[in-house]
Every structure is written in structure tokens, then in C-alpha cells.
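Next come two complexes, and both contain chain A; in the first it sits with chain B, in the second with chain C.
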Partner chain A sequence: MAISTATKAATDALAANPAPVSVGAQEVHRWMQSFTWDFDKNRTKYSTKYKMANDTKEQFKLIAKEYARMESVKDERQFGSLQDVLTRVDAANRVHPKWNESMKVISNFLEVGEYNAIAATGMLWDSATAPEQKNGYLGQVLDEIRHTNQCAYINYYFAKQGQDAAGHNDARRTRAIGPLWKGMKRVFSDGFISGDAVECSINLQLVGEACFTNPLIVAVTEWASANGDEMTPTVFLSIETDELRHMANGYQTVVSIANDEAASKYLNTDLNNAFWTQQKYFTPVLGMMFEYGSHFKVEPWVKTWNRWVYEDWGGIWIGRLGKYGVESPRSLRDAKKDAYWAHHDLFLIAYALWPTGFFRLSLPTQEEAEWYEANYPGWYDMYGKVYDEWRARGCEDPSSGFLPIQWFIENNHPIYIDRVSQVPFCPSYCKGESTLRVLEFNGKKHSFSDQWGERMWLSEPERYECQNIFEQYEGRELSEVIAEGFGVRSDGKTLISQPHTNKDGKLWTLDDIKRINCVFSDPLKAL
Partner chain B sequence: MSKSSNAYNAGIMQKTGKAFADEYFAEDNQVVHESHEVVLVLKKSDELNTVVEEILQGSHKADNPTLVVEDRAGFWWLKATGKIEIDCIEVSELLGKHYSVYDLLVDVSSTIGRAYTLGETFTITSELMGLDVKLKDLAAA
Partner chain C sequence: MTIEVNGGRRGLTDPEIAAVIMAAVPDKPLETQRKMNYFMKPRGKRINEYEVLCCYSQPTPDWIPGGLDWGDWTQKFHGGRPSWSNESTEMRSSDWLAHRDPAFRWHALYVKDKAEEWRYTDRFLKAYSADGHVRSIDPVWRDEVLGDYLGAFGFYEYGLFNSHSSVVRDCLGDTLRMSSAMIGLDKVDNAQMIQAERTFLSKLVPGFPESTDIPKQEWTKGAIFKGARELVQDIWQATYDWNEILFSGHMICDPIFGQFVRREFFMRLSSYYGDNLTPFFINQMQLYFSQTKGITTDMFHTCLGADVEFGDYNNRLMRAWANKWLPRTVNALKDFMAIYATIPEIKGVSDKAAIEAALVRVFADWKRDFADPINYKVDTAALVKTVLSGLK
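Coming up: the complex of A and B.
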């Protein structure tokens, strides 16, 4: 009987590549790699300026069957405990209220990063030529889908079982008005999926995953546990079990271009840009979430950063690659200064802009102020005094008619948005590495907080055209903007965000904001 | 607290306040320094608690004297100079059930260094796999 062309091809291939007698997963992996693709006809939708080698290995030698089994066990352990044990012991209500608010930010932002990483690794699959490298990227695509679901699920869990659903349930509705969203999209979207595929890999895998997922997804679990949150360690440590293979993928990306002459021309600049892009957002935001979004402190953020970013990622990852021409990022000195101060600068601004958020913030207590001063000498004179003044003016009470943003206006400390990172900064009142730079392009002014972003913008200004909230809402009254941007709870009038986490405290409404008559003004127009 | 240079709070991390800041901002600390350490983060689980206590800190303790293991709430944090290896055939014998390298990976939460599997062995090493050292296939092992 005649056999089909496909069956004959499979029969011939099996004759040339006999299946192994045993069924050891790694042996099967080795066997499968002998079936390769015709790369002369490989079509790459997203090209790269680097030449990727065709003999790169996949470090974990994963095949689909083992992958599926491994991941299903992870999910059974995770969802099993969340749905049964933790619900039964009412774990979500044992979380400290401040940390409950931090998880609104961390889980929602991470979900966006995971979602974009699906596309990022698909793009890398398209560009790579080595079969094993493609296999690693393919596994990562599946991982990222899993992680997106995990982040959504922990929000669902907190919204259903926890103490304040608003913000856990629908944070992304506020993405137009929340100033932290746009910076998050810069690192988690644009940095991962726009431009050169290998440069995206450096952003996603070599810096985002090999460096910043360790504080974001591993160290965060210590803070969660310390603050009574047993859900986050269950989910986040499970997410991170895949990240180590993603780090290996990033490393293999570097291995694949190691013998490409072009790599020596581009790699250090791309690495420095990726490091600055990722650190510019993660360093202050994670520090703010950990220290200001917790009641019980694990250790100063700068120490966490020093361990995971400087000593381990820098020393072990980058330091070891020195003999292959990979340099310590030139922006490291500025990043170190940011790791010490930028999260304090950001919290000052975030608290001032609290009505535009989707989470509740609270001022440091006396005990916390002492902790900050002990670990960051000089903290009180710069920040603590301001919080004392805000508290005395009744910033938590809707009847006070005081929004902390007024303090910045009264004291002539304008807040700008960095065009490249989209992170807000106040150049006249900060201790991190932020100074005001203004450039004009096509009749429009652009503000920058540092030389590194400015350099990136100068080479590709069209890449950073996203409007910031001051440009977008110039001349508009704040309560109108909040209502338009879905910053209210299900009653249609109470803000999702609040300037305290006291469950017995009064909640601000749109009417409270409207009475203050706060109008958006673009500070660049005054220059 | 462990006095090992691989401990969680070793070196600069023992310092606080101004003393920490002075070293952190010291001129010598403004570029990264090559390190031969590796870090492994293991989720706490029935199997991995056994691996940590019975193998890494038990029968194999003398093989890797630089290894430090610390309890960080939901996970074990391990740091060693050079490499950390876990042989899952040995783990299977200890647990009394089949335990493959992919069962191990269910709970290996993070790595700093070059991690890879070969047969039933998981390795995290400071060696530059694929650059200084060829990444082996099973047949060549």
C-alpha cells in the first residue's frame, strides 16, 4: 500500500536517526536535536544587528513531555494550597494592610511584564538559528503565559479573599492617570519587545530576569512573609522556578553572539542602556514598595540591591564575562546612588500624587522614621520633616482640604517626568541621581533626569513620544480626570487610592478632591 | 551568624548606617568585581528540605566547605565558591522513590551563575559554559 509523503519522510528520518532504546528525557532531547530546520530559508520578522551562532546549546535540555509534567506539578502545588489551606485559615486577612496595598502594585505590574515577555521570547525564537536555543526560547514562551495567569490569579485571590479588593480587581483601568504605569510599560513593554531582538534579550533576560527578578520575585517573598502574606511566596517562588531557565536563555544569547565581530561594537552600549533602562524604574519602585509598603522591615533596600544587583549579578554574571570584553555598566555609579536614595525621592512624589494611583499609601510612623534615619543617615532632614508637616496639615483627612502636591507648588519644587524612563522626578528636592535637562525637538520640550536616558533619546527620539500626565491633562481639574480615568470604587465616587491604610479612617471622594480645585499644569511650559 | 565570606550578611552587609554608606560609595566599589561564587535559591518543600539537610549539609558537607545555607522564610538561600551540584539519583535513593532532575527543578527557584542539567545531575557553576567550557551533551558525558 502506498504511504503518504509525510509518513515516508518520517520513516526515512527515523531510519537515519534511530530512536533511543531508553526513554530518559535528556537522551530524548539529544535525539530530537538531530532533527533540525533548514536555516537557509529561515524567515525572521524581527531582525537583529547581531549574528547568532547556529551551534548554541540549551542548558536544561527540556523536551515537551518533561516540561508539561514539571509545570503541572508546580501549578498543582501552588493553586492547591491557595484554594484550600490558605483560604481555610483566612490567610489573606492576616496580611498587614500596608503590604496588601503593595501587592496591588507588584502583582499587577509583574503581570504586564510577563505578558510582554510572551511576545519578547517569541521574537527571539524567530531570530535565533540554533535548534537548542530555539527550544529554550519556546519553553520560555509557555512559561510567560503561565506567569501571566499566576499574577492574575494572585490578584483574583486577594480581591476575593482579602481586605480591600479595589485595586486588586481592576488596576489597569487606571493606567492612563497613574504616573507609575507609564514607567512600568517602558521597562516591561518597550524594553522587552521593541527594536533589535538581541537588545531586547539583553533587556529581558540578561538584566530584567538575571538581575531584577531576584529582588522582585525572590526577595519580595521575605518581605511578604514578614508582613503576614503567605500567598505571595507560594506563587512568586514558583514563578521564579522558570526564571532560572530564562536566565540561561539570556546567557546563551550572549554565547551565541560571542564570536560575532559586531558584538564587540554594540554589546557594551546595549548592555549599559539595558541596565540603565531597567534600573531606572525597578530600583526606586521596588525600594519604595518594600520599605514604604511594609510594616515589618527585612533589611534596608540598598542592602538587597547591593547583594542581588551589584555583588551577585554584577560580580558573578557580568564580572565573569570581562575577559570576553563585557564591561561593567558605565552607569553603575549613578545606579548605586539611586539605590540608596531614589526610592525615598519617589515615595515623596508618589504620596503627593496619591489620588492618581490604584493603591493606598501611608506616611511613615515614628518607629519607621527612626528606622529610615538609622539606615539612611540624613533621611529625616530631607524627608521626615516634610512628612511631619503634611501630617500636621491633615493630609490623611478629606475635610482638611490639603493635598501634598500643594506643598511642592508652594515651595517652588516643580515635578517633571523623565521622557525616556517616564519616571517622575523633582530636581530641586531629591537626593538620588536626578538633575533637570531640557531639550527641544520638533517644537516640543522634553525633560530628562539623567545623561543616560538623554543619550538614548538623542539616538532615537521618535521612540519616546508617549505623553506624560502633565501634557495629557494640562488645564484639567483633578477630580474630573480621576473620574474619567476610572480611579473610583464601585460606588462611583470614592477613590480607589487613599492617603492612609487605616480601615476606620475616612475615605476621600471625588467631591473632596473637587473642593480643592487642583488643576494639572505642565511644568515644561513655564520654562 | 556565619563568619563565612559567603554568608548572607558577610562583608559590607554586616555594616549599618554611615559605615555601610562609606564602603558602599567608596571609589573601589563603583565598578563590578569578578566573583567566583554561585547562588542557589531553593523553594522549601518536603524533598528539598531533605536535600539541603541530608545531602548538602549532611553527607556532602565536607565536599564543599565553602557552602553556606541560610533560612530565608519561604526559601533556602545557598552560596558557595565554584559550584553546587545535586545528583538526583542520590536523592532518589535517599527519598526511596524515583526523583528525576525535572522533579528537582520544580522547586529550584533561582540561580546566579551558569545553571545546567546533564543526565540526572543539576549544576550551578561559576564556569563560563559554552565559552570557557563546552556544554556537554549526554553522549559525551
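Coming up: the complex of A and C.
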């Protein structure tokens, strides 16, 4: 075999310097942009009104194996902590019961967002034209699988080791019963995967991940640790390290369309809709989970909201995108008003509908009531006195025959569901920015609580045809709905959800609910 | 004590807070069922960790079989198309959530394996370079076959990688979605490993081109990969049915064309041309092929083909898809036969008899693993003959 010139040069080089040589991830990554090729049918399967550039970069410059190395290191730290130190100190059993219940909701609902983000970033991987951008979205696809598994691990861990496994052990089967679920599905499921591909990126990355993961994944860790929960910070902070790359992906999505002059016509409207969609659910729900789902409080939700949503996201993050024509959403000011009262309004409704949950809720204690009043002056007159009345009527006791939803009916305060956000609201008894608007379309009535959702519906009503829970359960007796939705514990009769977390309190059963004969009715039919 | 805690006080370690918490914690657990997802039917005797963490994570309305949720989609596409729908595939299932990765890999296990493969690759390359193995590679094999054609084959892997994007978006089950994403990452990893090998060679062999220019030219304009290119483009972009994408890619194209190119050409021949570097990378690709085969076999044979309600229909559809994609795959392989004219012939290794034997192996494997389970009648001898007609 003849030795070519190149072989001889290689031989000579080796003789002079036999040092081991390898290949770094960056050396492979720098060829990433050249991996694709042009052909006639090379276009996305998911339409977008935006034109994405084909030379967008991926800032973290990961190749497949380097991605795996990085995530594997993170996993070792996280699961090592869970399986060793935290298990040995029986950490899951040293969490305040109220917070234990909150984590049934938080970990499961975040999991829904992470799961749907797998599909969402699959769509973006398809719609992007730049190979680096595709690669960045691919990494995110895998991250979202990671986060889905991690969120599940929280429930798995609490179910195995904690004080009340019910709701942790079956959240995926029971979550669909209650009034919180459909709003969650709206913001963290369908809002990420159904629509213009870039609009979905704005929903997922520019708003969901850049704005609401800060309170949802970062702030929640402070509340968790204050209430004895060290599992959640261990897992959620590991999740958040990936979110930074996802925010960068969202930034790159905007960069990729920045040179398209037509983009400016749509971008701020899509951003405004995405922000309102997300905040409409998260502003009240997160505040409710933090303040009403804990014993020890970190700070009033309105302060957390103001720091993360208004200043950090609406100001700094969106400000950085200003050079690409992005403006802070016009609905931000209305959202700021909601940040003060909306979570108190929602808890009133959520507690009233407690049997349709998969977790236990608690009435505010005396010291909590004082904390609310100190931080939200006027709280007692609006909410506290109602809770006192409910408590006096025995709402925690199965033998009382009283469900707080009866209070709303007796006092003629109907609860509606916003058709676009699917969030319940009571326009006649609330302090947040909710006003009842009712529109008819195709022979059906639709209720709305604000102008922003109403505008979205008016322009595309076919996108929001989903039945709400009152329409779905119309005429059904409550215990039947609970049984059908698997809302009972493994004994087949005791409810997973309860109206208290008292260690010695009696637990409600299906029979207790059945005796009350509570039948669902759609308030829109009465209009 | 105050209920508002400042300064990062932690309930697990702060004695004052911990005392309040422990006073509120029930004396014994309130629920005896401690297994998450205890209600599910496991694939094996007991629910394993993979099933606990992955199964039923998908929120699905009740008309997508297998899901647990109630009700409709809350936001739909412009015009009212639902988020996910049964119409996204011609396949039918009584339970879209039935699939299991036979390796039971959730994310942590998957990246742990791949991370170790990266560390091992780094160690191997250092040892290989220090040993000077590169000196023994045949220059034609090295410069033309590895430089140009292996580089071009990277685009095949990259194209198939991209075919998974719409599958990850559209498929109807949670375990399917996770499996599909992992298969996709493996495919782009293959493309990146090919570039890594070329970059490595460029460091060891002065003048060896690291650039992808010539491989891209070979892939997009050359005759050897013409059929493969058109096949991959059609799987990636012209096919909308997510099951058909997976079936055409992993039940037809890759077990025939991909297997021949990787296993029978690059891996088997390389050592005869003094190349013991390429088999290292190809072996990783073959590991991924094997894992993918396990996944897609579970999807198409164990779940869809054996579905109690739709099994016969699904097998009929798979046979129809095989009729559609097999001729294109055979054509791609026929075009690839021209590569043998570019390398020095070695008797019994790269002559016609050896090529025929290699083709027989590939088609026999494919018939046993992919055609027979769906009762697809195929004359493999005729297929081999068609492919061999491409030999120059």
C-alpha cells in the first residue's frame, strides 16, 4: 500500500508529537449551520405568518452528547440529594401539611406545562429554518421530557414517603375534575401547541418561560423551604437551570423574525394576547397557592408579582427586545391591578368548590387572617368574615351538611367561567378586575370577565369552543361527579380533597356529599 | 412566632419553624396506597419507575383512546382544528398510551448512557491518536470514502433526525412522544459523530478537509446518494402522518439502506482498509439503531399490529406503506452501489459476491424483523438482484 503525502505528514507529525488528541463539542458545533440543505419541499408543516431567518444562532452551542453530559451531571446532584440526604432525614414527612397539599397541585400542573412544551418545541424545531436554532429547540424538547419526569418525581417522592399520598399518587387521574384544571390546560397545554408556530413560541418561551417560570419555579422554592419542603427546591432549581436556555431560545425566535418587516404588524398583538392568557391564570392561581397553601409566608404575592412580572419581565426582559420592536404588553397595567386581589377572589371560589379538587384546602387561621389584613387592607371585610361564617356553619365537619358553594347560591352570587381563560369568577362578589360580559354565538351563551379575553374570542371564537365545568356537569349530582372522576382515596369512599388539614379532623366521604344533594347548574342558563 | 419568615429561614432546619410544622403533621400517614399511578396496568408484573414517571403525563381528551382526562381542548388552532386529533394518522389504536420503550428509559437514564458514551469517545480518541493508528488507513478510503462519502452520509442521518420534529409535535401518546424525541436526538448525534470523526482526522492528517462543503455537494448533487436523498426528503417533509414517518424511516428505510451503509459498508469494510476508527463511531450508531428498533417494534408490532380492535387494519396499512416505501429504499440502495467503483477492490470483501452476501444479510434481517411480523410477502432475492444492477 502506497503511503500518500498526507499519510507521511501524519506519520511525521506523530513522531514529533504523539500527544493524545480528541475533539471538543465546540469544534463539532461550529459546523452546525452547514448541516442542512435546500430542496423544494423544505418547509415547515406548521404555518406561521412570520418569516423566520435561516441564519439564527443557538447561544449555548450544545451538541447531542455534550447536552447529555451536562444534564447527567445535574441529575446526579439532584437525585443524589433526594435519594440520600433528604430520604435519611425523612424530609418528605417534615413538610407543613398545607404545603404538602399545595405541591399536589404545583408539581402536577407544572408537569402539564413541561409535557406540552415537548410538543411545542417539536413544532418549533420543525418551523425553524436555521440548523442551530433547530438544534436549540431539540435540546429543549429533551429538557421538557426531563422536566416532565422531574415534576413527576416530586409526586412520586411525596407519595412514597410523605404524610398524605392521596393526590400525589393519582394526580394524573384526578386532576381533571375541578375548576382549576381547564385554565391550566389553556395556558400550559393548548396555548403552547395550538396556533401560529411563532405565536406558540411567544406563549411558551417569551411569556411562560421568561415571565412566569420565575415566580412558578424560583419563588416557589422559597415558599417550599420556609414550609419544610426541601424536595421542591432541589428539583425545581435544577429545572430552572434549563429554563435559561429556553428563554434564550425565545429570544432567538424574536431575533429570527426581526428582519421581517411584516413581523411588527403582529408581534405586539401576539405578545399581548400571550401575556394576558398566561397572567389571567397564573396571577391568581400562583398567589393562591403561595399564600393560602402555606403556613409560613415569605412575602405578599403582590410584591413577588411586581418584582418578577412587572419589573423584571415587563421592564428589563421586554426592554432588551425593544430594539426588535417589542413593546411591553398593553394589558400589563390591568394585570397589575389583578395581582393585588385576584388570588383572594379565586381562593374564595376554590374553597367553595373544594370537593372537586384532588388536594386538601384550609381556611385561613386567625394569625393568617391578621397577616392578610396587614398586607391587603380591607381583606377581612371582604373575605375574612365570609370564612368566619363558613367555619361557624361547620364547613370543615362532614356532619354539618354545609358546603360553602351553598353560600354563593343563597346570597345570589353566581360563579361564571371565563370562556377564553376558563378561569372561574364571581362578578358580584370580588375585588379584582372582573366584570360580567355575556355574548351569544351559534345559539350558545359565553361569559367573559375582561376586555382582553373578550377581544380574543371576538376575533376567533372557533378557537375557544371548549365546554366549561358547569356546562359539562350540568344536572349532575356532586358525589357522582367525584366518583366518576376518581376523586376518592384507595378505600373507595373517602374523598381525596378535604376542607381542612387538621390532623385530628374528620374526613368527608362520598356519602357525606351525597346527603347534601348538591346538583350542578349552568349559571348562563339563568340569564 | 410570626408566620412571615424572612432571611431565608428553612422549615426543615430552623428549630422554631420545624416545631410548628411537626405539631401539624399527622401522626400516621392518611393514605395507605403509596405507589404513584397505582391504578395503571403495567407492561410487566409491577409498575416500574419509567412507567410511574412517564405514563399518563399527557393531558388528553376522552376521545383520544388511552387518555384519562375529560373534555375538550381549551384553545385550538386558527380555524378550530384541535390541539391533537386522531386524524393526524391513518393508524388506529384502542390505547395510544400503551407503548413502552423496552429499555424503560426515562430522561435521566437516557442522558446518563449518552454522557458515558461521550466520555468513552473522548478517552478512545486520545488513545487512538497516541497510538498512531491513523497511519494505517488506506489513503483512498480515508480521503474519499471517509472524507466525502461518510461526510455525505451524515446528511442522511441529519435528514432523518429532522423527520422527528413533526412526530414529536403530533403523536398521540406520552411514551411515544418521549421515545420519538430520543430517537431524533440519536439521529442528530449520528450526524454529529460523523463530523466529529472528520474533525478528528483533520487534526491528525495534514490536508484532510474538515469542511462539510464536499460532503454536502456529494449529498445534494452526487449520484451515489441521489435515491437516499430523495427518500429522506420525502420522509422528512412530504409525509404528514406521524406514524408513516416513523414507519417509513425506522421500519423500511433505516433497517435496509441505513443498515447496509453503516454495518455492511463502513463498518465491515473499514478494517480491510486499515481503518479501525470508523467502527468505533459506527458501533455507537448501531447501538442507537438497536434501541430504536426495540422502540419501533414495540410501537408497530406489539401495540398497533396486535391491537385487539384495530390490529388487522393496522397490519394491512403497514403492508400498504411497505409497498409505498420499499421500492424507494431499494432504489436508494441501488444508487449507493456506485460507491464500490470508488474504492480499491479486495477479493472476498468488496467484490460482487461479497456485496451480494451483504445485501442478502440485510434483506434477510429486514424480512425476519420487519416484514414477517406484518405478514408482508417479499421476494428478497429479487430485491437483491435489483440493487446489484446498480453496481458499476
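In the analysis below, the second predicted complex is superposed on the first by the 487 of 527 C-alpha atoms of A that agree within 3 Å, B and C clash if a C-alpha of one lies under 4 Å from a C-alpha of the other, contacts with A are read in each partner's own complex, and residues count from 1 in each chain.
Everything below uses one rule, namely that contacts are C-beta pairs under 8 Å (C-beta built on N, C-alpha and C of every residue); 3 or more make two chains touch, one makes a residue touch a chain.
Keep in mind the model is a prediction, meaning the values are calculated, not measured.
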Applying the document's definition of touch, where does A:Leu321 land relative to chain B and chain C: first, second, both, or neither? first
For A:Met123 in the superposed arrangement: first (chain B), second (chain C), both or neither? second
After the superposition on A, what does A:Glu474 contact: first (chain B), second (chain C), both or neither? neither
Counting residues of chain A touched by each partner, does chain B or chain C come out ahead? C
For A:Glu27, using the defined touch cut-off, is the partner it touches chain B, chain C, both, or neither? Pick first, second, both or neither. both
Where does A:Asp388 make contact in the superposed view: on chain B (first), on chain C (second), on both, or on neither? neither
For A:Tyr46, select first, second, both or neither according to whether it touches chain B, chain C, the two together, or no partner. second
Touch test for A:Asp164: chain B only (first), chain C only (second), both, or neither? second
When the two structures are overlaid on chain A, which partner does A:Glu66 contact: first (chain B), second (chain C), both, or neither? both
Classify the contacts of A:Thr221 with the two partner chains as first (chain B alone), second (chain C alone), both, or neither. first
Chain C-contacting residues of chain A that also contact chain B: 27, 66, 69, 73, 222, 225-226
Mind pulling up the chain B residues that touch chain A in the complex? 8, 12-13, 16-18, 20-21, 24-25, 29-39, 41, 43, 45, 72-75, 100-103, 105-119, 126, 128-131, 135, 137-139
List the residues on chain C that touch chain A in their complex, please. 3-5, 8-12, 17-18, 20-22, 24-27, 29-39, 49, 52-54, 56-59, 68-84, 106-108, 110-115, 117-119, 121-122, 125-127, 129-130, 132, 134-135, 137-139, 142-143, 154-155, 158, 161-162, 164-170, 174, 177-178, 181-182, 184-186, 188-189, 191-192, 195-196, 199-200, 203-208, 210, 212-213, 216, 219-220, 229, 233-234, 237-238, 240, 274
Chain A residues touching chain B in their complex are 24-27, 29-30, 56-57, 59-62, 66, 69-70, 73-74, 77, 210, 213-214, 217-218, 221-222, 224-226, 233-234, 237-238, 240-241, 243-244, 247-248, 251-252, 255, 258, 300, 302-303, 306-307, 310-322, 324, 328-329, 332-333, 336-337, 340, 374-377
